[in-house]
Amino acid sequence: MNRVFVHDQLIRFSHCDPAMIVYFPRFFDLAHSTMEDWFTDGLGIPLPELIRDRRIGTPTVKIDCDFVKPLRMGDTLRFELRVSRLGNASVNIDYRGTKNGIEHLQITQTVVFMNLDEAQATPIPGDIRQKLEAFLVATDNGS
Amino acid sequence: MNRVFVHDQLIRFSHCDPAMIVYFPRFFDLAHSTMEDWFTDGLGIPLPELIRDRRIGTPTVKIDCDFVKPLRMGDTLRFELRVSRLGNASVNIDYRGTKNGIEHLQITQTVVFMNLDEAQATPIPGDIRQKLEAFLVATDNGS
Amino acid sequence: MNRVFVHDQLIRFSHCDPAMIVYFPRFFDLAHSTMEDWFTDGLGIPLPELIRDRRIGTPTVKIDCDFVKPLRMGDTLRFELRVSRLGNASVNIDYRGTKNGIEHLQITQTVVFMNLDEAQATPIPGDIRQKLEAFLVATDNGS
Amino acid sequence: MNRVFVHDQLIRFSHCDPAMIVYFPRFFDLAHSTMEDWFTDGLGIPLPELIRDRRIGTPTVKIDCDFVKPLRMGDTLRFELRVSRLGNASVNIDYRGTKNGIEHLQITQTVVFMNLDEAQATPIPGDIRQKLEAFLVATDNGS
């Protein structure tokens, strides 16, 4: 429990818009990159293998984002990734985006595990669930 | 009051991912295109002129999205845009995304009007406020 | 012979970079959109159907681009599309990009017809070849 | 002379299209990332500083690409960057793209040094020219 996946990404020229700040849809690309690297390096389950070999996809069904402060090219965006809810077939993933320790954005994403051949939600397989639990935020309610 | 800006966009090859559905960050690009065309065609205030001539930008400070059903290349996405809140320096914009009349996604975005030279939020200018009001969703509470 | 497919696209905020001009990789996205609409509206063969029903893809094996003059948000980019070479399994597609009649860029792309199930180049089917010929640039060499 | 800048990038889900291979315009984004990191790590001149402090931009005026073999998510793309021509105000940059030592694509790009305030090409400053020379491909013609 309580593990955090920390992931740094350089803000590039291509992420920025004519107002010289990150064009906000790019933050979802950056969060997706963090999720991919978390699957590979944090969970030990590379997404390409999950998709190709186990035919499980991870579509996003809900995403909320608060943009607190802008980011500019040359900045380093740090995402701290945590699992805030672990359901039967879905998880909530929180991304806290910081620069030099100061919060710039906050994303909460709900991802569903989906059997790609049946195009149906599927219970999270036991081996994956066990690995997800390590990143689950502990709650105070009696546990 | 109660005007709706209706905007159709073709889902293209480039919007879709290896799972053959729209890669979700692209929906925010599509919503941004709708917002741009709304400024030009719905409000009569092209964003490029707003940025260049009046030095007012419209950064997004919050965006929430529910993805109900996926979209595939060749589909036509219709966004119905409404203003759900009109504040002093910010607006909430709702996008209801449908295909053939069926809801596929729902986005709510908070946009702030910003003085680009001072990098500060600025009260919505009167001429723009008047035009925004036409798209404001009427509420039932006594009015 | 000698037909030209003319396609207008608005240059959007999202196409532009911190230098306030179109970020050049976006021009290839814009050219791809022109190609997609040409397949649908010019050839009468929508790409999604070609891919799904006939299992034929059109990967790009070569692309050259000269950027003559920049484009900015709010500009309208007009692409004039012509077929400059019609081979057994591949075509060369030329895109002349103009704004207000003045040339801003020139792209030449080689696209191969590929059997997606065998991942092999395939001779252009007769019905498609016939339609492509209408857009073939006539040459002077006696024919 | 003859230095090579070697840069590895992971091919991500977001780079790939419904045909399960990299959507070709993304390769230009990937090449741009290589160029950015080369400026920072190879030349010691971060592009954001060049743009902001010295007001010099590096727009692309010509780019040619041969796509030899496709790439898929999970692959690692290695770009080897060399300078193949060093002109008065422009350079040719070659990118050889490989996977496991096998060539997958080849890009040649012409970049112009531009005074951003005057929007005019500018001779390459001496300190930058000296650093570029280290990556210039030696030619055989007697020199």
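When the chains are written out, they are named A, B, C and D in that same order, and each has its own residue count from 1.
Quick note on the criterion: a contact is a pair of C-beta atoms (placed from the backbone, for glycine too) under 8 Å apart; a residue touches a chain by one contact, two chains touch by 3 or more.
This structure is a prediction, so every number in the text was calculated from the model and none was measured.
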| item | value |
| --- | --- |
| Other chains in touch with both chain A and chain D | B, C |
| Magnitude of the superposing rotation for chain B and chain C (Cα, nearest 5°) | 180 |
| Centroid-based (C-alpha) most distant chain relative to chain D | B |
| Mean-CA-position distance for chain C and chain B (Å) | 30 |
| Distance from the mean Cα position of chain D to that of chain B, given in whole angstrom | 36 |
| Chain centre separation in whole Å, for chain D relative to chain C (CA means) | 25 |
| Interface hub residues of chain D, defined as touching at least two other chains | 13-14, 18, 25, 29, 32, 73 |
| In the complex with chain D, residue positions of chain A that touch it | 12-14, 29, 32-33, 36, 46-49, 72-74 |
| Partner chain C, residues of chain D touching it in the complex | 18-19, 21, 24-26, 28-29, 32, 51, 57, 59-68, 70, 116 |
| Residue ranges of chain A in contact with chain C within the complex | 13-14, 16-18, 20, 23, 25, 73 |
